[in-house]
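As written, the chains take the letters A, B, C, D and E, and residue 1 is the first residue of each chain.
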Amino acid sequence: MSPAILLLLAFGLGLVGWLAARSRAWAFRAKTPDARLHSLPSFHAWYVALWIAVPALVFALVWNAVSPALITAHVLADPAAAALPGFGFEREAMLAQARAVAEGKAFGVFMPEAEGLIAPYRVALARYESIGLIVTILVALAGGAFAFLRLKPDFTARTRVERAVMSLLLIASLVAILTTAGIIISLVFETVRFFGMVSPIDFLFGTHWAPDPMSTGAVDGKQFGAIPLFWGTIYIGAIIAMLVAIPLGLMSAIYLTQYASSTVRKVIKPLLEILAGVPTVVYGYFAALTVAPAVRDFAQGIGISSASTESAVAAGLVMGVMIIPFVSSMADDSIAAVPDALRDGSLAMGATRAETIRKVLVPAALPGIVAGIMLAVSRAIGETMIVVMAAGASANLTANPFQSMTTVTFQIVAMLTGEGSFDHPATLSAFALGMVLFLVTLALNFIALRVVKRYREAYE
Amino acid sequence: GCGGADSGSRDQVRAVGSSTVYPFAKAVAEQLAKSDPSIKSPIIESTGTGAGMKLFCAGVGPQHPDIADASRRMKKSEFDECVANGVKDITEIQVGLDGVAFAEAKGGANLALTPEDIYKALAKNPYGKPNTAKTWADVNPALPADPILVYGPPSTSGTRDALKELILAKGCDANPEMKALKDSDKKKHDDVCTQVREDGIYVDAGENDNLIVQKIEANPKAIGIFGFSYVESNADRIKGLTMSGITPTYETISNFSYPGARPLYIYVKKAHLKAIPGLQAYVTQWSKLWGKDGTLAKLGMVVAPDAVLAESAKAVTTMPSLDGSQLK
Amino acid sequence: MNAPLPLNDAPAEAAAQISTLPDDGPAKISARNVSVFYGAKRAIDDVSIDVPNDYVTAFIGPSGCGKSTFLRSLNRMNDTIANARVEGEILIDGQDIYRSGMDVVQLRARVGMVFQKPNPFPKSIYENIAYGPRIHGLTTSKNELDGIVETSLQRAGLWDEVKDRLTDSGTALSGGQQQRLCIARAIAVDPEVILMDEPCSALDPIATARIEELIDELRGRYAIVIVTHSMQQAARVSQRTAFFHMGKIVEYGTTSDIFTNPREERTKDYITGRYG
Amino acid sequence: MNAPLPLNDAPAEAAAQISTLPDDGPAKISARNVSVFYGAKRAIDDVSIDVPNDYVTAFIGPSGCGKSTFLRSLNRMNDTIANARVEGEILIDGQDIYRSGMDVVQLRARVGMVFQKPNPFPKSIYENIAYGPRIHGLTTSKNELDGIVETSLQRAGLWDEVKDRLTDSGTALSGGQQQRLCIARAIAVDPEVILMDEPCSALDPIATARIEELIDELRGRYAIVIVTHSMQQAARVSQRTAFFHMGKIVEYGTTSDIFTNPREERTKDYITGRYG
Amino acid sequence: MDTLTSSSADTLAAQRRARMAARLARRHTGDRLFKLAGLGAVAFSALVLVFLLVSMASSGLAGFQRSELRFDLPLRGQLSIDRDRLGQPDPASALELAGLPAMVDAAAEKGLGQGGAALLADGAWRDVAAQIAAKPALLDEPSLSLSLPATDELAAAQRGDGPEALRPVAQRLVQDGKLVRAFDWGFLARSDATSPQAVGIWGALKGSIMTMLVTIVLAFPVGVLAALYLEEYAPRNRWTDLIEISINNLAAVPSIIFGLLGLAVFLAIFPHYRSAPLIGGMTLALMTMPVIVISGRNAIKAVPPSIRDAALAMGASPVQVVFHHVLPLALPGILTGTIIGMARALGETAPLLMIGMRAFVASPPGDLTSPATVLPVQIFLWSDEIDRGFIERTSAAIVVLLVFLLLMNGLAIYLRNRFEKRW
């Protein structure tokens, strides 16, 4: 039975119940014109409709899950099924093909053996479909009758319906916690497995990163020193990118909030937001094709012969540009949150605008700006495509920005799409790196949110 | 759609694995769909050999791929996992060769290298001593005194594996002491022979070979290490370097006189052969295209020697099961 | 003017009227035919007034009548509002502050301002006071600066309360202390005029009384203009009062005259609480 | 109470005092020992008062003394403030509105409220008025609803001004009209009590006068409680006045008594503008 | 104060005034420079954006073209084929049987000179077959002028790279007007292929659309409901804090981590759906949901409390307040945030690499569960192709992606401006 039919059925019956309950509620009113109903007729209607649709849907869901097994059992009892091979994929494939044909989803079978199963499938499908349909209707009717009989003029339908709505809202907000749990679960097992092979000390404090996914035999923990990755991540994401993004973002925010006319602001702000909206794969392409060669030529032009095409600067510059809008919009918010009274106070002292901004507004907005920068950093160190396309793979522990460097995200992609076998520590290291990344962004965000909160409170 | 998602079958072939095999597997899929419109074009995913094996070996059923493309042979451990998950019958088919080729920009210095030179230039500890070579002349006085700068594949790629096994280990074993070490202390031998230096002279260049081409074009003194197909298709910009006097060409690679050839495989899950429409046809399509004048050769794949081809062609029809005990 | 004006619109003759008292000597500030617009909206309509040097002048009037607007036009703080525009002349010591070469930075150093809500900078008390002298480069040594800070705080009657905690944040003070800090901050650059816009409306009665005393102490040293919505306060602290209504000055005179003997019907209505 | 209370703290005996006038007949609202807390802060301190049915009762007092807080506790609008907590009893027609079975939805339909800032819904004028009758299911037909809308607007004195544009947005009206719309909206669900929190403080004098008239017209039909910071307004519109100070009712009486003959020193000080 | 100190105070004041005046010019210059720096920062960002867009667009436009060979195919009376057969499924096979490929090759040899057939892209005759199938009347025309795709090599030779031997051939054909760069509408209708001459973007675009569909259907309701709960009802307690922290954190968790989540959780639960838009959409929904929640909360916060008070005071229940007043007023803001979140999801690559959406898929996905790829991943895959013909195609794909993003951003800006707080 297709889920769509069941859905329609549940909603259809729900609608009927809705209408019936509403007219009953109106009838209460008509009988006792003076007495106010506790709840509006429409709440009575929703109450009944929910009692019809929800149990019916729940049953339909369960039925959808169990009926295929019942149908298969029915088909297997058929003599035609005796010819099927024993357990295995071929047998299942035959059943599936016959079923697809019986359901009208396919026109013919690919395996001739399946031909004979089509007819039994048709029979079984028809039978279980009608059973499902009937029971669904019964469940709906039972729910509806229960709810309908409870309706009275002073029935608290509204309270009950609203309670249902509130549960829905609560469930929706729990999705976030589930997601967080999902992330932790999906990282933690492999991470633990990895640390069973490589000591966390070697991993977190080692300065040599050269895991060999193809190696066999004993694992050499000394190859898994992730410091060069952390360094590359910080150097590209938190240093070079921020050297670009902080001054540009901050000055943009200052210009937009303090100097620009409202029309200019209206045009420029969305433009900046576009900069944040350009997909990172486009930035990556741009970085690899345009910026990186230009940077290398520039570096070689000034005599740095070791300049690599996949330089940290190229990735960092482009990433910085991408981050500008984050910094500027957070700075914008926090500067705007500084009460005008402070600005006026400073201007009235005879300060110029620049002095007012530098000495009063920016210091006052500093916590918010810092928080914005932290969020931007967390975004930069989690950025993947730009580094995958432009930063290179060498785990160099160097301060030379024209050298190639690699980052945590790059290594995650490389290890998970590489040639090593899946249970090799090199591959598993991707999960450990993911865990570190997750924890670091968690920490950055946590601190940033704390800072912002405290600072908002200071002005509210 | 997948047709019968909850259980049952799939109506499209699914192959995963090596990025080296990927372009060839794509081409075969495309040809198959053109030649037989009743077959849906197979889905080819470039996951890398290891991840591909992991997916392939996860089990039998429509949710698991039918084919694993590999730029190296299946490992024993992988085979064991396959068996543990019920993937007992696997057919191994060698579809061709890939050469690890050294190349420089057109107009470069025309270095004439040997595996030994390369080993001495790139190993971390050549013959057990730290590598101090800065110019090619340091390695071999016959070579020019140009600085050594080699762009090569990262450790996660199959090409790097091939580099280690086919060139570095070979150069290393030229020294009898090392050869002896191989028998006495395998681990130490591997360390000494296959570890690549990390002082910036060998540059991990990521998976994007286009970028390596650009880089060695920009720096004529630098050398790049590629899959041979890349050298072929960029013949207007770069040229292959001779190795022990032999230029990398189709011939020299396919007869293994150029020391950088490695086999490319596809692994077929036999349990799927009957159940997945188009699987047999897809495998057969490989055999139609892997010949000397076939599409794959045009795309840069090195055709395997005739004997191998004959055996592979036989495997396509008979689908022999792989014997795990042959694997390492 | 003898006849009471109609409530809605002021006749043309009112425009010609200059609010000035002949006994007051030369005016510190003279506004002539000043109108202030917010976009198309006229918030101040052709106001002319002379503000004396030695007295405290109070602006009173119902909410929205333009008191703050007019006050802010006296040190060109209206410049900071994007769509605000000032017409007419405002002379301080005879010089038009809206003339083209006028340097607002210097002007505002000469005309200090205290706002409705105390707005100390979120810096230390010391830095709050030192801010003005620093940006204007008034001092050449730390000693001199310390001196200015101390004198200013003393004049604002705050020194004894804060001398032991000059490094505490200015925002940690009580509301009344904050407002005195703001007055001290204004004094620190040695202004000639101090404008105050409802300086006590956010304060409790005790703090209010303290500020009112302070205003009285400062009188004579600075020309002081204070906007207030409390008629009692105007009566207590000012010697001259201007009653604003709908962007115009309805009546101007000595404070005692305005409160005991208003000439205009509207003034009387306002003072007796008929509206506002 | 005869002796003037000290400014800072109220002695225990004040707690026992019930503000009520013996001539007023049965009270519409009786508060008994009501205290309201925001977290640990006590904003209303043990207040007991009887609000009569047929008069307008004004709450006056300096800013922050708890007028709004007390007013909002009369229709349990304080429930919406997370950390607000009410102690004591508030009876409307003898029934405790804080008892456990009380349905706040119905309570608020009986006790309407008008706020300081006019807050029409951003919907059409018609929908603004029709909203209450709709959610309470007061009508069964469109006609009946139309009737309610018209009567409510008429009672609020707004019908003539808006009858031709009932579909215009309520927010497009002038401030005074908006406030009358809000009053009409409150009337539409046929409440018994109307609470008004400084309903004119955002309005100009003319609109204020209009609302004051309206309040006078509504008197007798609804029990009306109005919070105002303008003593003149209290004097004009109310018949009973309670003077709040620091969370307590300092004095309660007929409006004329309070304004002409306050018993308490603090009341007198406030009325003569010594603080606030 | 006695006269003496008073006069010394006067000199002091005069001194200070002099110092102030001396500094003025410098301060004003500083002010102007500061403003200029701000302007410079804004201008820089704008310039980068313009440069990015222009450079992508200019090289992308070339990617909408392909090299085509032009020659005539004599038709009337040449093909013996039953016209009815053309109306049935797979007319191409019928035409192939009737000998169309050989005819095309022969015509190419004739029209383009010796070896002309080899210059045609593999299967170029299929274009002809499609034309004929669409319009059988063509069979009565004396001849049909064709414009068929050239091989990748010839295309490369026309660009001036590729095999040396072909370059003169290409030059000659270009001079004769037989080899042209023609606008390739098919690029918007075809799917991935191995040859840059034959690729199209429709497969990836359709994959993107399907993925976004799943994302919005999941993320929007959950996001809005969660935002309502947190902003309007959530009690202040540990659980709420936990939810809030989770959401704020999820909004900043690197997208690749969501990829790992999709890999470890969704693909473990639904192993059949590797590479499917359904899984991609679910993964991206988890990523987008927090963005919607956060912007939704801001929009809800922006609804003035006075509206809530008004409704509550009328006797509306909290649920009625929210659904009658708050939600309708906040909706434009929520939509704006949603669109921006969706735009971000549309451009997302890394997480999809992890869940198998990087496959070669030669036909557009049929439904939500069939294997697919999406625009950004297609860009990533093409950027990695050996054949340099893909460089332009990649740029063209970027242009398609950017157009979509700009449209979405434009819509968001429009919504924001149109509904910006009007109460």
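To be clear about the criterion, contacts are C-beta pairs under 8 Å (C-beta built on N, C-alpha and C of every residue); 3 or more make two chains touch, one makes a residue touch a chain.
According to UniProt, the chain labels map to these proteins: A = Phosphate transport system permease protein; C, D = Phosphate transport system ATP-binding protein; E = Phosphate transport system permease protein PstA.
Being a predicted model, the structure only gives us computed values, none of them experimental.
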| item | value |
| --- | --- |
| Contacts common to chain C and chain E (chain labels) | A, D |
| Smallest count of steps, each to a touching chain, taking chain A to chain E | 1 |
| Inter-centroid spacing, chain C versus chain B (mean Cα positions, whole Å) | 84 |
| Whole-Å separation of chain centres (CA-atom averages), chain A against chain B | 36 |
| Separation of chain B from chain E, taking each centre as the mean of its C-alpha atoms, in whole Å | 33 |
| Whole-Å separation of chain centres (CA-atom averages), chain A against chain D | 49 |
| Overlap residues in chain A, where contacts from two or more other chains coincide | 158, 288, 352, 355, 388-389, 416-417 |
| Residues within chain D bordering two or more other chains | 105-106, 135-136 |
| Interface hub residues of chain E, defined as touching at least two other chains | 27-28, 317, 383 |
| Every chain pair meeting the contact rule | A-B, A-C, A-D, A-E, B-E, C-D, C-E, D-E |
| Residues on chain C engaged by chain E in the complex (per definition of touch) | 103, 105-106, 109, 135-140, 190 |
| Contact footprint of chain A on chain C as seen in their complex | 75, 77, 80, 82, 104-109, 112-113, 115, 117, 119-123, 131-132, 135-136, 182, 185-186, 189 |
| Complex interface listing, chain A residues touching chain B | 68, 88-90, 92-97, 99-100, 105-106, 110-111, 208, 210-218, 288, 293, 296-297, 306, 308-310, 388-389, 392-396, 403-404, 406, 414-424, 426-427 |
| Chain A contact footprint on chain E (complex, rising order) | 27-28, 30-31, 33-35, 37-42, 44-46, 48-49, 52, 55-56, 221-223, 225-226, 228-230, 233-234, 242-243, 245-250, 252-258, 260-261, 263-265, 286, 289-290, 293, 317-319, 340, 343-344, 346-350, 353-354, 376-377, 379-380, 383, 391, 394, 398, 401-402, 405-406, 408-409, 413, 417 |
| Touching residues (chain side chain B, partner chain E) in the complex | 1-2, 5-6, 10, 12, 14, 16, 22-23, 25-27, 29-30, 33-34, 37, 40-41, 43-47, 55, 58, 62-64, 207-210, 229-230, 233-237, 299-300 |
